[in-house]
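So that we are looking at the same thing, I have put the structure below in structure tokens.
To keep things simple, chains are lettered A, B, C and D as they appear, and every chain counts its residues starting from 1.
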Amino acid sequence: MTTKSLERFSFAERASHWTSALCFLYAAFTGLALWSPRMFWLSGVFGGGETVRAWHPWAGLFFALALGVMFRRWAGQMQLDSDDEIWLAKSHLYAQHIEAGMPETGRFNAGQKMMFWLQSASAFFLLLSGVVIWFPEVAPRSARLIAILLHPLCAAVSMGGIMVHFYMSTLAVPGSMGAMIRGRVSTGWAKSHHGKWFREVSGR
Amino acid sequence: MPATTVAKLVDTSLCIGCKACEVACQEWNDQEFTLGVFNNTYQTQPDLTPSFWNLIKFNEHVDDGVNSWLMAKYQCMHCADPGCLKACPAPGAIVQLPNGIVDFKQDNCIGCGYCITGCPFDVPRLSPTSKKVYKCSLCSDRVGAGMTPACIRTCPTNCLTFGSRTDLVQLAEIRTAELKEDGFKDAGIYDGPGVGGTNVMYVLKHASEPEKYGLPKDPRIPWTVSLWKGPLKWAANAAFLGTAVGAMLHYLKFGPKETHDDDEVA
Amino acid sequence: MLPVNRRQFLQAGAAVTATAFGFRLEAASAVARELKIARTNQVQSVCPYCAVGCGVVIHTTGERVKNARPTVVHIEGDPDSPVNRGTLCSKGISLKEFVVNDRRLTKPQYRAAGSGEWTDISWDDAIQKIARRIKDTRDKGFQEQDAQGRTVNRLDTLGLIGGCTDTNEINYLLGKFRFGLGILPYENQARL
Amino acid sequence: MTNGWCDIANTDVALVMGGNPAENHPVGFRFVMEAKRKRKAKLICIDPRFNRTAAVSDLYVPMRAGTDIAFLGGLIHYAISNDLCHMDYVRAHTNAPFLLREDFSFSEGHFSGWDAEKKSYDKATWQYELDGAGYAKVDPTLENPRSIFQQMKRHYSRYTAEKVAEICGCTAEDFKKAAALICSTGRAGKVGTILYALGWTHHSHSVQLIHTGAMLQLLLGNIGLPGGGINAQRGHANIQGSTDMGAWNMLPGYLRLPRANHVSLDAYLKATTPKPLRPNSMNYWGNTPKFATSLLKAYYGDRAKKENDFGYQWLPKLGETENQSWGYFFDRMHRKEMHGFISFGMNPVANGPNTEKMLEALANLDWLVVVENFETETASFWNAKKLGEKFYPKYVDPAKIQTEVILLPAACFAEKDGSFVNSSRWLQWKKAAVPPPGIAKPDHEIIARIFMAVRALYEKEGGKGMEPLMAMQWNYAQPLTPSLEEVAREVNGRDLTTGAQVPGFAALKDDGSTACGNWVYSGSWTEAGNNMARRGQEDPTGLGLFPNYAWSWPANRRILYNRASNDADGKPWSESHASIRWNGTKWTGDTPDYKADAGPHDYGAFIMLPEGVAKFYTTELAEGPFPEHYEPMESPVKNALHPNASANPCAPVMTSSADAMGTPDKYPYVAITYRLTEHFHYWTKHVASGAELQSNFFVELPEALAKEKGIKGGDAVRVSSARGTVEGPAMVTQRMRPLTVGGKTIYHVGIPIHWGYVGRVRGPLVNNLTPSAFDPNSGTPEYKGFLVNVEKL
């Protein structure tokens, strides 16, 4: 084994990520079906309206559980430090691929950290409101009234975020997808995108 | 020719709490009769259920030593702007017929229960067994065959009347005037202007206090439901579209983020 | 009198509303859940509960079906009755539940002296047993003359009650039964 | 009812007292609501409970159970003393001008002629003062102190508003408010009705109570007018019909059952046919011989001949003073004086007073036959201990009960033809719609089969009383399953010479040439066919009479005493309220309760009465010619008018071991039993819908009493009387108010009746509590106003 590749994500990390991702996708698409009659056709793709009604909450629950695993694992690493603040202030440069003046990033850059917190927060509220919506005959009306607003609101935020996440991980930063699938990245990739982390793990 | 909007008028001043309408509804809709639990009232059930769509609420009051026992029928109000329909995601599960009847088609219902939250009157009920939502259909089957709804057909005291909405509004106005003449200065019509008018209307002796009858004071589709099904929907749609377009433009302009150290590519 | 057919019945029902509101309901109709009384036979009857005497229409199915017993599928108020004009109370509107009821008695039953349970008995045996008991009681208790020698032809050791929900004709027959046997203790619900 | 359901819509003031039509006759009540809406009629509800009728009434006055006569007597006093009577009506159509004998008197709760030993009256002093021709003397000015009007005025002068309040527990102000409204109908142009039911009949003074109501209506000129009358809302589909058809001491058509001293038809007719008491009295009951003879011809056919008194001797005879009504014969059964019992569609264990006594009585029989739709408490009485658990501690186990029981399944209403008579006296024909379930049979077939089997046994073996048994005519085309149409034709009657159906009772003869099973139904099935099945929608008078819908007894007359809706000269009291009118040669409109072509002055308006006029004062009742307030047999207080004659002096008291009576020290609360709109009697506990609407037995308690006892809504309570107990959850309510009676706070305990130990829903039988106290005239038990105690469990 040369030093040409590094382990970026452990098996457990990848497993929980993809579990939550698949659940998220199912919940997102079926959520869209339940969101508006215009999108109800989507329910046909995912098993029909009644199935979607039955499975969406479970998908959501598993999404939240898997995310919970990720949260426990990563929450420590996702704390923002002073470099992250600079990074965030200069994130427009990052978007334009201008590296000059950008601080070196650790295992996760500030954008990823923000994504993490955003997804965690919305997942928490999605779960909370989702349970209320799951059992309308039990949940108090006032809770339901808040939930039906909170749930789609969080879902929209979450899905918007995931769209960005998806873009970043596929087209915008080649190599990312491989990292999450196979778990490894090239040293070059690591150096380029997460310099600080590269030095930490490679000891260079 | 546009269909006549049909309506039901509940003249609470004529209700004697005989519960014929409750049973007529059960009987016509082949609902199973169940046993009740004693709860210190004459009211049949504490609330509507998936198989009990029409409940007389027995409201007891004593004001200044004078008893009153205000009975009011409680069922789907067949709103002109139905909150249930607004909240429903499943096409065809809740339909608003040209005659104004808001009907639930259980074949299309997915049991999400959004209608329960959307309803300002808290009427639809989710069946735990069939996982579908049920409520008064205003006997759309009977009305379709030229018959009056079962509850109205059986009402002995003319507390319930069925007809075109315009006619019933007139009748309600006449009754209100009569009640005022009889000394009920607060008499009035309750027809939910906040939901575009309901096709089930009430004549109340104490119109400024509908809560006395167990009716919500100023029924409106909950603002969260309106926000959810209105601005939020559009904002979210715009945000999704914006994100997607943004990503595309970003890629076209900046392309992918390059990795520098080619030699070390795995 | 012939039972009304469905059409007349529906017309009668609609006519009430039409006169009241000046429009026909058909125009307002747009949907059809299936009408469960669309193919029923209708018979006019009278509610057996209180003495308001509401006219009812009994909807039945199965009259013309071979190897099937006609059964009641729905009962509602008779719009032609000036008393109830198609309306009914909570008891009347659920008369179907009274007629078609798994608690109805369907066969004669017998409880022997000292027994703790019912046993089945045939109609013939039941009638014979009753006739025998009546005769024994009557033979023992029938008075042709009283103490003063006046003809009284009376029986007061056998009691008879009923009639409040039986028809006049049955009550008349019950009266003949009573006076044939000479029964004096004969009561109905009027006092209770 | 003197009037009818539809007619209630014509009223201006509806007094509901002793009834709760909104709950128990909801469909009939629609006409009250119509009157309220269309005529601005006022509805007054006087009841111990604020019930569903009270909820829609214009005035509700609470009143202690059993004090109705005091309230009504107060109204009579109020009307007379405030000059609110319809005096022209009173002068023209009542016996107010009649003079009483000088020796008639009333003091300390007793009328003249009281025999304290026999507990009955010698009625000689109650009679009218007669002239030489046997007619009653009258004073048209009503000034004579011995005139009934003056006597009545004096009798009720004691019933002041304050006295009424003291007795009834309402306030004098409430009483006056009610009185002003009710008495507002005491003039031409305004009509009031009284709607009553079991709240008036379930007393030990029930007949006098209804008499008081009728007196009030006469004073106000409300009898005979559309929208008026005194209207019993009868409780069972054909309770009116079964009364018309004769029960207890009656033959069909209200002909009296012969008594032993009526040794011949002639003696019977002499004793039961009244003589006119005024020269202008039509005295229609003078036709009794025609009705009786025609009945005998219907009963005994060709065997009834003039020579054998038309078979009169075959009829059973009551002893001279014998009473075989409910309370008496169950008492005899309890004393083992009866051996067999047949119950057709009745449930004495549930609906008779003092359930435990009923159970013991049935256990003393040799055999019992029950013909029913459902298994009843009566059919399974031998299993009461097991099914009814703790309520029958003394009741023995089945092994010790030697009564044989045969339970026969009967067809229900939808499974047989025939006619029912509603409260409006309408005979309505119904048709069988479906066959009975299983091998159940229609009642007439059951009756016929038993009767034929008994006859067969007698034919084979001989026995006692063969002649009356065999003489009864049973010549139906199919004797075992008589067609009810055939029976209905027999009831209507026919001319035996022509074979044609008689057109009405006017055609009946006393020479044996006509046969008629019930003269009041004569006209129901004429040559024109079955009039009971008519469905005509015409209403020519616009008063809701519907003369061509069904058929009303007598003679299709829809409003009884309708001649009285016109003044002495035949002019309507008011144009809007006359169902018949005199056009100079005949009466038009409703079938006149009068000779159709007789001039207004020819006869008195009340043709059925020997007086020819209506009676404020009657000698026919046991406890007095004027109604007097007596306390219930169990009362929390002494009679405020005459403490030494507190309860009805003539009311029978049963003395069996099961007949304990309670006193207020042990049982301080006044109990009333009643029906709920959700249920029908003891039937709907078998029906799913009734079971759903009100699944649970409960006890209604005033909030104040509940507070005193620490009882909250839903807490289990035990109600006990001197006879037995019931247990159930308490419904604590403000709808039952504490009443102040003679300075003492009186609480009512409300107990709905509908449960029992068999049914889809079950609960205690409330008659565990009720006393075997009865009205002396009608034999009705006292279900309203008996004493109980309440404990929290």
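Note that in this section contacts are C-beta pairs under 8 Å (C-beta built on N, C-alpha and C of every residue); 3 or more make two chains touch, one makes a residue touch a chain.
This is a predicted model, so every value here is computed, not measured.
Common neighbours of subunit B and subunit C under the contact rule above are D.
Of all chain pairs, the one linked by the largest number of contacting C-beta pairs is C-D.
In this view the innermost chain, defined by its CA centroid being closest to the centroid of all protein CA atoms, is C. We define each chain's centre as the mean of its Cα atoms; on that basis subunit A and subunit B are separated by 39 Å. Centre-to-centre, using mean CA coordinates, subunit B is 48 Å away from subunit D. Mean C-alpha position of subunit A lies 73 Å from that of subunit C. Subunit A and subunit D have CA centres that are 83 Å apart. Within subunit B, contacts with two or more other chains are made by residues 18-20, 22-23, 26-27, 33, 156.
In subunit D, 26-27, 30, 677-678, 688-689, 693 are the positions where the chain touches two or more neighbouring chains simultaneously.
Across the assembly, subunit C contributes residues 84, 87-92, 94, 97 that each touch 2 or more other chains. Those chain pairs judged to touch are A-B, B-C, B-D, C-D.
Contact residues of subunit B toward subunit C in the complex are 1, 3-6, 18-20, 22-24, 26-28, 30, 33, 95, 97-99, 101, 103, 137, 140-148, 150, 153-156, 161-164, 167.
Those residues of subunit C whose C-beta lies close enough to touch subunit B in the complex are 10, 13-14, 16-17, 20-36, 38, 74, 76-77, 84, 86-94, 96-97. Contacts from subunit B toward subunit D in the complex involve residues 13-20, 22-23, 26-27, 33-42, 44, 60, 62, 67-71, 156-159, 178, 182.
Interface of subunit D with subunit B (complex): residues 22-23, 26-27, 29-30, 33-34, 37, 40, 50, 52-56, 60, 676-678, 688-689, 691-696, 698, 713-714, 729-735, 761. Within the complex formed with subunit D, the residues of subunit C that make contact are 1, 3, 43-55, 58, 60, 69-72, 75, 80-84, 87-92, 94-95, 97-99, 101, 103-116, 118, 121, 123, 126-135, 137-142, 144, 146, 148, 150-177, 179-192.
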